[in-house]
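Chains here go by letter, A, B and C, matching the order in which they are written, and residues are numbered from 1 within each.
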Amino acid sequence: MDYVLLAEQFFNGFQLGIILFLVAAGLTLIFGIMDLVNLAHGTLYMFGAFFAATFVQLTDSLIFGMILTLPAMLIAGLVLELGVLRTLYERDHLDQVLATFGLIIFFNELFLIVWGPEGSGINLPSYLTGTSELPGGIAVPDYRIVIIISGLLVALLLYLLVSKTRIGMLIRAGASNREMVGALGINIKLLFTLVFGLGAVLAGFAGMIITPITQAESGMGEGMLILAFVVIVIGGIGSIKGAFVAAILTGLIDTMGRSFIDVALMSFMDSVAAETAGPAISSMLIYILMAVILAIKPSGLFPPKGA
Amino acid sequence: MTDSLLNVEKLVKKFGGLTATDSLDLDVQEGEIHAIIGPNGAGKTTLINQLSGLLKPDSGSIQFNGREINNLSAPQRCHEGLVRSYQITSIFKDFTVLGNVAMSIQAREGHSFRFWNNAYMDTSLAEKAMKVLTETKLEEKADVLADNLAHGEQRQLEIAMAIATSPKMLLLDEPMAGMGPEESSSVTKFLKSMKSKYTMLLIEHDMDAVFALADRITVLVYGKSIACGIPEEIRSNKEVRIAYLGDG
Amino acid sequence: MPVIAPLIGQEFYTDVFARIMIVTIAAISLNFIMGYGGMISFGHAIFVGIGGYSVGILASHGIESAYIQWPVGILMSGLFALIIGAISLRTRGVYFIMITLAFAQMMYFLSVSVEKYGSDDGLTIDSRSDFGLSFFDLNDPMTMYYFAFILMICCLYLNLRIVNSRFGRVLRAGKSNNERMTTIGYPTFRYKLVAFVIAGMMCGLSGLLTANFEDFVSPDMLFWTFSGELIFMVVLGGMGTVMGPLGGAMIFLFLSEILSNITEAWHLIFGPFLILVVLFARGGVEGFLKKYEGSND
């Protein structure tokens, strides 16, 4: 057992988990509080990636470009909410699915036209392209550390917002009992808009921060969306804590699973079979986990109280 | 207790900090109409949900016809002969009145894994359904879309669907909910005529109906039975008068 | 119209109509569980893929007999539907939608990851399913066309009979009010699962035909956007109507043909069009017309 590789893949999986969490947190809130199925949440992730790439190129500075992206995401989210999504709140879920599907198609095409099939990217400044060595000979790219730390910081901010502020209390109340919050006389429309804006910024941040590694491409949102949904099913709809745990778990299982599944299989299969079955099974691991959770605890690991 | 068709022992159901059913004991004799009365929030609908299999109690036992049914699913309980009706009308709005009742008949008959023959042309189903409609005075509305019925008629359909499953015992959750005095008295007469056919557990707020129909009454307050007896006993019970009927 | 299309002699029209008919079969199966059963599956494309790959994989191993390929395709579709349905049907509403979507994604990755069968590039099929009959050769375009036509008619008729049968009524009542069904004695999960499996098998049939028609299978057949397009077709034609799937498939495919000839970026128009249809023409074309004719079915 190569422990160095194990540790490195652990960081890799943890990074994926953080990114997943950022996307899933917004999704779980939006779905939990607003009862809105927004397939276009992945599109917001894509927005973040492209906006960041463009701003970084325009300002020729990683920091400035990324800082500018956040308000841009907020504006984009608000425009989307006020323009299209508002009309969908009263509709049934099928309508929401189809309409947001339409949004995905539209924006994927738009971004494909504007930026071309190669998409766009962010080149990291030299001080971030290095690799650091941790005790034990574990090599972790510097930027990965940046992603993990900034992601954890955002998670912390989100936690503080949700558990220590009045708005956060409204959000939590809304996640476990929407009608009650409305009955309390709170301006539901405003709350919804805020929650959506928050979700948009979180998703955009995730897209932005991953772009230096993966590029911004049309269609990058949907894979992330589907994974994010698996995460919130596992974690419990409306629960941020659940989203965090489930996201890290998912990231770790997916990444480490892919690396080590052929090793595991080779212990009882010949190498040819293991090499064929390996990638196939590793791509299914997350979904198997989701299926198991659904079978044992359908409301997820940490459903918000009252759900 | 040996004659009890339904026997509930120490039933408990809690929702977070709220105790909806508080170690409840209840028995219903075969052939009786047993009414449950109590203030709003006493946990009456929660009780019906547990009896019909939609909600799992935290602890306690439910015996029906000599058998422990606590682990049976809702459909299984129907087949044992325990069928409920809803306080808030729960019908198939896009089916006709006849169609609604036919679904209950079909449930009792079985043979639902038939894929080829047109069920709408199945005269045996239609005949049996019409019988029930005639019993419940809905035969003239047979081909009307359920959604187009008046409120009172929908309540009648609600009960008709339960009856059409040929139950041994009916759990009626406020059958007269939202009805005016004329309709209520007509339903009361109807239920009285059904007495010999079905045992009934009746949850109701309409006191005229309760005292006209019930053989025995259980009073439910905060999920607990505070009194159980024949109507005269209940009427004169001091605790009950204070808690529910209002003093004097 | 589909009957006379080949007689016009223009290959373009036969191609378009053949595609329409083959997709209609998939749409009929989706309409069955969606329009009549209330199960909105965003993973229906899976079964097209299974049917298609059954032909492709077997053909690549030299097994070209239709008498092996087709039963395998249909049975495998049924088996996958059984497993996916047994897990997904534990959920309802939007959870069901997303979980079927997740399974679709999983199957897509599966088909991409198995390099032996073409992975991303897909698998070319050299010869169509062999029925071993001298007068019936799917390699002949006319035979292929009419075979698809007959199968589509059969599926339309089968659907008609099932939805009006006892089983069909259970399904429809379950869509109308699932809880009441359980409290009058129906274990609804069982029925929905059976319906899901039937739909999976019919959709697998569509996949078998697709593989034969296109002489090619690839993971794209399984891509989730295809599932979305199928849903859209069913909604467009009118959910829960017998001829809806055919109407929806025709409109959808014609529209995409026309739009893609106008501009390569036709999705720019298509996306908003979809949104508008959802917002204003929800009952599909039939519902839209009904409003004006005031007729009652």
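In the analysis below, a residue touches a chain if its C-beta (ideal position, glycine included) is under 8 Å from a C-beta of that chain, and two chains touch if they have at least 3 such contacts.
What you are looking at is a predicted structure, and each value in this text was computed from that prediction instead of being measured.
Asks: May I ask you to sort the chain touch graph into line, ring, star, complete or other?
Replies: Graph shape, chains as nodes and touching pairs as edges: a line.
Asks: Comparing chain centres built from Cα atoms against the global Cα centre, which chain wins on proximity?
Replies: Central chain is C.
Asks: Hey, how far is the Cα centre of chain A from the one of chain B, in Å?
Replies: 48
Asks: Indicate the whole-number Å distance between the mean C-alpha point of chain B and the mean C-alpha point of chain C.
Replies: 43
Asks: Could you grab the centroid distance between chain A and chain C? Build each centroid from C-alpha atoms only and quote it in angstrom.
Replies: Roughly 31 Å, centre to centre.
Asks: Which chain B residues sit where two or more other chains touch them?
Replies: Correct list: empty.
Asks: With touch defined as at the start, can you tell me which chain A residues reach chain C in the complex?
Replies: Checking each residue of chain A against chain C gives 31, 37, 84, 87, 91, 93-95, 97-99, 101-110, 112-113, 222-223, 226, 229-230, 233, 237, 276, 279-280, 283-284, 286-287, 290-291, 294-295, 298.
Asks: Quick check on the complex: what are the chain C residues that touch chain A?
Replies: Residues of chain C touching chain A: 40, 42, 87, 90-91, 93-95, 97-99, 101-103, 105-106, 109-110, 113-116, 224-225, 228, 231-232, 235, 265, 267-268, 270-275, 277-279, 282.
Asks: Under the stated contact criterion, what part of chain B meets chain C in this complex?
Replies: Listed in rising order, the residues of chain B that touch chain C are 52-54, 73-76, 78-79, 83-84, 86, 90-95, 99, 102-104, 106-108, 111-120, 122, 161-162, 164-165.
Asks: Under the definition above, what is the set of chain C residues touching chain B in their complex?
Replies: By the definition above, chain C touches chain B via 161-162, 164-170, 172-173, 176-177, 179-188, 191, 194.
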